[in-house]
Structure formats: C-alpha cells, structure tokens
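The chains carry the letters A, B, C and D, assigned in the order they are written, with residues numbered from 1 in each.
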Amino acid sequence: MKIQEYQAKQIFQKYEIPIPRGQVALNASFVRQIAEDLGDKVVVKAQVLVGGRGKAGGIRLADDPDEAEDIATEMMGMEINGFPIHKVLVEEAVDIKKELYLSIGTDRMNATPVIIASEYGGIDIEDAAEEAPEKIARIPIDPMVGLCDFQIRGLAVSIDLPRKHWKKFAQIANALWQIYQNDDASLVEINPLVISEQNGLMALDGKMTIDDNALFRHPELADLRDLDMENPSEVEAQKYGITYVHMTGNIGCLVNGAGLAMATMDILKLKGGEPANFLDIGGGAGAEKVSSALRILFSDPQVKAVLINIFGGITRCDEIAHGITAAIAEQKKLKVPLVIRLVGTNAEEGTKILEKQKLPIAHSLVEAAEKAISLSGVKKK
Amino acid sequence: MKIQEYQAKQIFQKYEIPIPRGQVALNASFVRQIAEDLGDKVVVKAQVLVGGRGKAGGIRLADDPDEAEDIATEMMGMEINGFPIHKVLVEEAVDIKKELYLSIGTDRMNATPVIIASEYGGIDIEDAAEEAPEKIARIPIDPMVGLCDFQIRGLAVSIDLPRKHWKKFAQIANALWQIYQNDDASLVEINPLVISEQNGLMALDGKMTIDDNALFRHPELADLRDLDMENPSEVEAQKYGITYVHMTGNIGCLVNGAGLAMATMDILKLKGGEPANFLDIGGGAGAEKVSSALRILFSDPQVKAVLINIFGGITRCDEIAHGITAAIAEQKKLKVPLVIRLVGTNAEEGTKILEKQKLPIAHSLVEAAEKAISLSGVKKK
Amino acid sequence: MSILVDKNTRLLVQGITGKEGLFHSELMRTYGTNIVAGVTPGKGGEWVLDEKIPVFDTVQTAVQTTEADASVIFVPAKFAFDSIYEAIDAHIPLIICITEGIPAMDMLKIKSLLKTSESILIGPNTPGVLTPGECKAGIIPGNISIPGSTGMISRSGTLTYEVLYAMKAKKLGVSTCVGIGGDAITGTSFIEMLSMFEQDPDTEEIVLIGEIGGNEEELAADYIMTEMTKPVIAYIAGITAPKGKRMGHAGAIIEGRAGSALQKIELFRKAGVKVAEYPEDIPALL
Amino acid sequence: MSILVDKNTRLLVQGITGKEGLFHSELMRTYGTNIVAGVTPGKGGEWVLDEKIPVFDTVQTAVQTTEADASVIFVPAKFAFDSIYEAIDAHIPLIICITEGIPAMDMLKIKSLLKTSESILIGPNTPGVLTPGECKAGIIPGNISIPGSTGMISRSGTLTYEVLYAMKAKKLGVSTCVGIGGDAITGTSFIEMLSMFEQDPDTEEIVLIGEIGGNEEELAADYIMTEMTKPVIAYIAGITAPKGKRMGHAGAIIEGRAGSALQKIELFRKAGVKVAEYPEDIPALL
C-alpha cells in the first residue's frame, strides 16, 4: 500500500526527520491561508500516487499567497495519469544547495533490507541504477542486527557527504530504519534529501510503501489508505477480499488464483482479445464472493464479454456455479455474454447447475478464450 | 549490581507482571499503617541483598497490624549475614496452591541468554540443578531473535503447567525477556512464581542483577544501587573507580589488575598470611587514585600491614610512587608498615622516589608477601 | 524416485486442528500420505483423523515421539513466524509453509535463521509438494496428476493445477511437483529445485512455471544455461500485467525494469528453454 | 613461528586517534609491528605516527586500501559493538578488542554474529597478543618477554606480565602470548588457543593462566586430557576470593558451585597439568 507524500512526511516528523513547514489542503482558499501563514514563497504539490508528478505540472512554486491560490485552483481541476488531484501539499520553499537520495527498501533477491544512498538525488533512482550504478551506494542490513552506525558512515563516505552533516545524516538514516521496521514498510524513501542553505539536511519529498501483508498489525496505517486515489471498483473488490486490477480491454475475467488469472489474461491477448481486468477470487471462495466479483465486472461499461475460468482445488465448482446463478438472477437481462470453464473439485455438479441455466460451458482454456473473444464481437483479425 | 526485592517488583509491575499488593517501609509504625491499608494478613519481608533471608527470620507472617508492627520492630534491629535491616516490604499474604520457578539469565558457557523454569519453585535453584536436573527446564534464547512463543510453550509443557495458566505464563515470560533485554539484566528471577488460589500466577519474590558494564545506558537503574547495603569502603572505592572488596584478614593489598590482585592475595595466604581485601586500581592509574586507595586501606582498623604490588604496563611506577608518598604525607605517623614492589614501566624512577622516603622495597612477589606477613606480626607458624 | 517427499516421508501437520489444517490433513491421508502427528498449541493429547493421529503442543515433543521428518504448516499468517522457527529449531529437514499473507519482515528474519540451519523451507504461500502416487504434502489436488518422469516447479497454485491437468489428459506424469510459493521472499528458489531435479535419476525433464516480478526466473535461466543437462520447458504468466500493480501474489509485481514476463521469456529462450505460449501448450513440448 | 600474529601481520588500529589508541600505536610501532592503517570516524584523510600511518573513516576503506589482515580495537565500550561488527563485516581474519567494560548483551550479539563469520575475535578486555621479536598487537609491554618455545594463554593482564617477566628472568622465552580477556563472554576460549598451539611447530609447551569464574578452565582441562600432546603448565588465581563478589574482571566471580579456583586446580591436576602455586613458580615447572 502506497501512502501520499503528506502522510509519509507526517510519519517522518514523528521520527524527527526534518521536513519543510507546510500543510495539506483540499481547496484553493485554504491554500492561500497556508501560504499566508508560511509567509514566504511556497511550493504547491499535487498529492497523487503516480509518478512523473513534476513533469506533469504537479509541483509548482508560488511567489505569494495570490499565486499559490491560483496555482491550486488550476491543479485541483487537473488529472495526472488519469488520477484527479483532490489534495495539495503547501510547503515553504527551501534554498537547495545539493540534492541527495536516501531510502531503505527490501532487496528481494538477497532477502535482506537494503539502505541506498546517492549524491545525485532528485532523479529517478532506477534510471540512475541503470545508467550510472557507481553513483549509487547500497548496503544490505542484517534484519536481526538492524542498521549500524558503521554502515551509515560507510554510506556517508560513499556519497561524499561533508562531515558537518554526518550526525544529522545518521539520525535520519536511523529514523528511516525505525520506520521501515516498526511500520513494516517495504520502501521508505527520501528523494531528494536536500542540503538546505539554512537548515542542513531536510526531507524535501517522501515516499512510503507499506507491506500489505503486515497491515493486520498496523491498523492505524491501514487507515491511511487513500480511497480517493484508487479505482472505485478496486476498492469495492477489496471489501470482499477479491484482488481486482482494472485494465483497458473489453473481456472481463473471473479466475481463482493469481497465476491462473494472469495466464487467462495472457491467452486472451494471445488469441487476439483484450482483457478488461485482472480478477482473482482467491482460494476456497463461496457463492457470495463469486456474485460480488461478477457484479463488479457487470458494472464495468467497457466489458463486452466475461470469461470465468475456475480450477477447483480448495475452491468448489458447485459453489462457483451457485454464485454465478445468483449474480445473473439479479440482472433483468444478461447484458454481456458469459463463457464459463469449470475443472477440478465438484466440476460435474457445477456444470449441471449451469446447464440448467443454459449458460455456455467451455472445456479447455483455449476454447474458453476463443469463445469469449468471438462473443465480445470485437475480435481483431 | 543486585537490586532489592521491592525494586525488582516495581520493575515487574511496570511490565505488568502480577505481584502481591504491598509497600516498602523504613520504620515499624509505617508497617502498621500499610498492614491496616492492606486489611488482611500480611507478610513482612526484610530487604537485604544476601541469601538465606527466610531461614534467618527475615520473612514472617503477621495476622494483624499489631503483629506486623511488632515483627517490623524486631526485624529493624536485626542483622542478616552481617547486614543490618533498614527496610522491610509489607505485602498481602497470598494463598499458594503451587510454587514454580522462572528466570532469564546469561549462560556464559554457551554465550546465550537462557530461560529457566521448574515446577519446583521456592527452592534454591542451584541445589535443584545439582540434585534433580531433570526437574529444571532450560531453553537457550537467540539474542538476535528474542524469546519466541513456541519456546514459552515448550517450557509450559516441561513444567506441567495447567493449560488455563498458559496465557498468563507467556505474558510473564515475555515481560521477563523485555526486562532482561531493555535493562541489561544478567539475571531476572521469580522464585517462587506462585499459582495463587484467587489470582492465578503471581511473582511472590523478585531478584534482579544488572550488568555493571551496561549501567552507562541506564542511569535510572544506577540510581537503584542501595548504598546502605554495601560496605562503606567499597562505596568509597567505587567513587574513585577502584575495585575493592573487603575481607577478613589483616594484610591490606593494593595491586594493579584484577588477576594480579587475586594472585597477590593467594600468595599471602600460601605463605601463611591473611589478605584484608581485594583492591585493583585498574590500568593507567594516576597518583591521586593511588593515594585514595591507600587511604581506604589505612582507614581499615583490621589492617596491620600493607602490600603494594604494581606491575607497570600502562600504569607508570613513578606515578604510583608519587601517590604513595602523598598518602603517607597525610598521616602524621605511619600506623602500619608498608611493603612495596614495583616492576615494569618507569620502575627505576619509582623506586628512587620511594628510596628517598625510606620505604621498604621488595624485588619479587614472594619476597614482598613474606615481608608483609612478617611485618604484620601475626604470622602463623 | 522423486525429490523432497516420497512414500517414506513421515509428515507432521502444524495447525492440524484448524479448519484448513484438518480439511487438508484428511485429503492428504486419503491420498496415502503418512501423517504421523499434528501440532496445535493447547490441544496436545487429543487425537484427530478417526482418532488415529496424535496432536502435540509443541513440534519438539511431536518430533521426539513420532520421528516426523517433514512438516506442513497451516497456521494463520500472524503465527507463521513462530511456527516456522519452531520447525527450524526442532531440526525438521523439510518445512512446507502453505500459509499466505506472511509479512515480508517476518520472512526476512526466517531467511536469516535458515542460513545457520539444515532445514529446507518450501513456501510460504505455496500449494505444497506432490509426488504422485506416493506423498501429497500440501493442497495440490491429488487426482489431477499421475506418476511420471517430469519434474515440475512453480510459483503459482491453480496455474500449476492447470498444467498438471493438461499433462494428465495426455497421459504425461510427474516425478514431483513443487510450489516454491508466490511471495516476494520465499524459502527456496527455482535454482535449488532445478539442482535437485538434475540429481534425481527418475526425472528426465523439468517444467518451470514462472510469473512476473522478482528475478527468480532470470537467475534460473542463467543456472539452466550453465548447470543443467536435462531439458527444461517453461511457461511465464503475466505478459498482459500492467507495471507497478500487485497481481494477487505478493511477488507478482513488476518493479522497475526487472521482472517483466517478456524479459524472463527472452532469457529462457536464450538459455535453450522451450517456452510455452499458454499452459495447455506445455504437453506438446514434452 | 607463532600463532595469530607474526612479522607479516598487517595491523589496523580502530580508534587510533584516541588517547589510548595513539599511545599504544606508538609503542606497537616502536616494537616493530607493521601498523598499516588506523580508523577513526570523521578523521579519514589525516595521518598519524610521524605522518606515516593513514587514518580512514571506515574499516572497509582501510582494508581495501591497505590490505590489513588484523585489527586492534581501542574504542570506548559504548562504541565497541559497532567497531567489532564493522571489523567482522569487513572480513578481517583477526580482531583483537582491548576495550574493557562492554555490556554482556552486546557481546552475546557479537558471539552470534561470529558464528556465521570467518573472523577470530580475541577479547574483549584483553591485553592483546604478543609474538616476541615479531609483532605486538595490543598493550603487553614489549620488553618483558623474549622469543622462545612456550605458548602462553591467559585471562588476565598484569598477572600475565608477571609470569612473562619471571620467565624472562630465567631466560625463558615465549612463542606467542595471548590474552583471551577477562570478561564473562569472550570471543575465543582457552580451547581454541590450546588447539592452535598444539598445531604450531615452534611451540613446545603451553602456560595457561586462569582465574575463578566461568568454566573455561574446566573445559580446557578436559580438552588437554583428550586432545593435547604438548605439556601444559597452569596457574589459577583466586583461591582466596570470596563467593558471589565480582573481583574486578567481569568474568571473575564464583557463581554457584562452578568456577572456584580449587575446583579448576583439581581438574587440571587430574588432566596431568602441572599447577604452579604462585606466578613466580612457573619458570621452575618449565
């Protein structure tokens, strides 16, 4: 789960990482007020969870409260990568002497936390990692020991940090480790970490991803989820424990298991179709979950056909059939055609239930994909 | 550093380990008041840092406030193993169904923390370990991982703890681990941990030793040192960074280095003398430290002769000689004879200084010991 | 022959009295798996599965009493760290963790503990291990596969079933099928399984089912090129997956530039691996 | 020959610009020890000891630049954990920690880290290691010992000097003298040193200086009985020490019934070890 910059900065503040003074606003007149309170030049920053915010005009400098209000008015109507801007962060403008990079994340390959620093901050760290890996210092952290002072010193030396900033740098790095550990973050990033004219080191931006699997032990963090920023169907799906990712095609997919769901999308594409979504009902889903999932697909105006692919293991195919029946019963008339494939546990019982409803059954994944594409009526030749 | 039972119990309480209601008192009339407040039968417990308190009459049951006051009056005049009782802990009497043992300590041999439990509590655990080791369950704790739930379950099974107490037992064991770790305890012990009729598990006694080397990070714990309970000369020595342990003989020893100090005592004993103390001035001691150490020896009425044995490494023998000279100058007349042996760094300079003072010099450790014994005038034949 | 489990495996089930644990223990036993014990804290002394299988409070007592040499774990995610560590501490050689949703930090610590241990951890978030006709240790449906000479390794559950099912339809059997798990941090990687199959005399070729995210497949491709003599057939799911979105599996997310399905497929092809276009295509490549 | 250090040792000094570190680095260099670098955080780029020895900010850069293969640590106790771990992390084969007063919990963690490392830690709270005529790595006075064929192992500082001095007076020299440290938790035990001396062709007999507390000597007695072919002479301090009192060294306390000097002496005698009655008695037993 990604959280917004202003939320990350609130956490930074709790751990005494220096951040610019500022406040988040939901409308332009409050932006003016914040700018007046801050006194000097301010920066207005769109709070969206997508990258490329700066280039898209989502970060702008205002010389006075009037300008800040104007910028905010403009921004609040904008979209970045399809996401409307509902909130802006208004902060004092900082005199920047140098921009650095600092983060702690999880290194999947080596299965350790890793602290990463660079003297070239403000840039896309992945670009930098590809183009100039020597500019990036990475130090693995033993999760049993935690981040140690000598490792922080090693980083400071690697990024040529002037000695007078070492103490503050160590404090910030230790704070990041505390956040990473205490909040089960999979990434906590300061980019740029700036050396400012007046105040030394300061986190100018903040990014944080929290391990979804660990949210059960952080109810206070789960509340930070910004439902505004997510696709409403994805939010709806989450309520039912369904994993749903909206896409741009026209064939809705309903599958059990993440790998199989991806494989189902891939085969649609391979056979000339376009999946409208990724949808995994998980293992052992009951009828109700299936109905809810179908309802989400039916409510998507893009969807021209639905492909249901179930391989019963823990999941029972008769339960699936009941769920499909119920969801269809709710509809006066079936607006989009369905193709259903059931294999595995209780597949026979499930098939019988569906045959009564006269719903089309496919016997292989390829057949199912081809039928769905043909029924969607938009097959490319 | 050992702390008193009532201090350990205050820490237990902070970590939510159940303890009997009670309060510490410095005089008998306050004991009566506490007993009145508690209402029912009470236990009056002498607060001393020596073992065998129970057998020596330091733990007694009182049926009513009158009796509690009488017992306290009696106790306050008592000594246990030479230590006068200045404080008593007054606690509600608890109905005991069973006594268990639980502690976390440091296993030197395996270099890990170890949690120890027994279903035979209230006894001397070292006796038990020798006589019936099968009655004692020991589980090493990985200091990097900490105490885990499965280890606590393993202990609960080993000591046949009824299931209804498992949850509380786990909470108490986890609390002990937190104390061990957070407070750098080398031992934290509940003996007995009782199953009470009314309240389930409860820490009836508490013992805690804090790692002296770690006191620098626990100033609040260093304040718990009960100076009352220690030999005043030992307290005085501590102020100067001198390690001093008072003993029963009559030859005072002043040595640099713990091992050499013990060897010096041993050779005195071997040659028929009795050391009055262990005294290590540490490495690199200056003149002032030496003077302070000598002052402590001179103030001990038992001391009939002083043996100074210095092997200069970091320590400079001329500094030592200056210190000796200064301490002697303070005395109008030297009450006890000195024997001095200086070897190593600047030994020649030191010897010259002392020769001016006409102080007796020995050239080997054996010679020094024999001279000191003969000068003390109490040599056994 | 087979890898990891066979008819001699003495299986322990951690969390045996839970809903999932009990349900799948029934299925495993029906399949013929030799379940020797279960563990549920607080239920030691009970008996389950027609009163035939003893339940213990701790893994250590279970192992001491029954000489279990493999464990399948079904406990909820919040207790998984403790259960896996308990199995490691009891020196169980093979630990299979079915549990999904374990926090990554817990797994990082487990990985660190495994370094000084002899135990092998399969999973978490795995359907388990199946040696057809001999031992089912986990939740892979028993009836969708037959004994054979193909080793199978996968990061996915139902997708694996799909392939097993397609193979069985063509009378193609499996030596052992191993799910290494769909999480970002897993106990065992493709490489370790490839190496075991390379050693196994009864495995003649290997099917590897991968997906987007991480670089397990990239490392596997490299390993196949340099170390493997047996043929490998691969399928990679997620060509259509958008970047940066988590696709169900905690491991299935394309981070930065690594981990895309196309990259993985390209590397496999370079390593001489036949790559199937869709799951049902695999039998044709065997 | 010798153990641990010799004329080829390339020594690093951690905490070289501190008062103690600088003082003893002077003495070590005067003795002829090949000090190649120092480390003091925040002082990288400076030069010390007649501007001949470079100072680095981190151990890693020091090792990369100078190929140091041993480190002596002089930092204050509160920084010792970090410094020892830094040396372990930089894969320095031999780490000698002079610092005294390190919290036991820090050492328990270091011991755990050493398990997965190739480094040997001598100390803490040790006078260091001296190979007379070749290398002085620590604070043992250089002028009190001469080269010879006796290996020496000790838990104590000045007591060891006393024995070296008494030996030198009789023209008896030492192959290497090692202080394993006076703390309750040390990096290396008597046994490991006995084993090294047993292997060392230039060591003909070993002097072991122990004291009350712990069971290092008990284990050593057992090891000598079963594994050692070379004669061992021992001295144990603390016959007169009272029970339960800490005698200066954090390790020197008689806990419960183990660790008394008399018990240790008895076990040594049983193991065929000649036990000296007092330090100056040792040369007579060689």
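Note that in this section a contact is a pair of C-beta atoms (placed from the backbone, for glycine too) under 8 Å apart; a residue touches a chain by one contact, two chains touch by 3 or more.
Everything numeric here is computed off the predicted structure, so don't read it as measured data.
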Touching chain A and also chain D, the following chains: B, C
Geometric centre distance via CA averages, chain D-chain C, whole Å: 49
Distance between chain centroids, defined by C-alpha means - chain A, chain C (Å): 28
Chain centre separation (chain B, chain C; CA means) in Å: 55
Set of chain B residues in contact with two or more other chains: 144-145
Per-residue overlap in chain D, given as positions that touch at least 2 other chains: 109, 112
Chain contact topology (line, ring, star, complete or other): complete
Contacting residues of chain B [partner chain A, same complex]: 144-145
Residues of chain C that touch chain B when the two form their complex: 41-42, 44, 57-61, 79, 82-83, 85-86, 89, 109, 112-113
For the chain D and chain B complex, residues of the former touching the latter: 20, 77-78, 101-105, 107-109, 111-112, 127, 139-141, 144, 154-162, 165, 182, 184-185, 209, 211-212, 214-215, 219, 235, 237-242, 245-252, 255-257, 261, 277-280
Chain C partner contacts - residues on chain B that touch it in the complex: 144-145, 148-151, 153-154, 156-157, 163, 166
Complex contacts: residues of chain A adjacent to chain C: 106, 108-109, 111-113, 126, 129-130, 142-144, 181, 184, 186, 211-214, 216-217, 243, 245, 247, 255-263, 265-270, 275, 278, 280, 282-283, 311-315, 343-345, 364-366
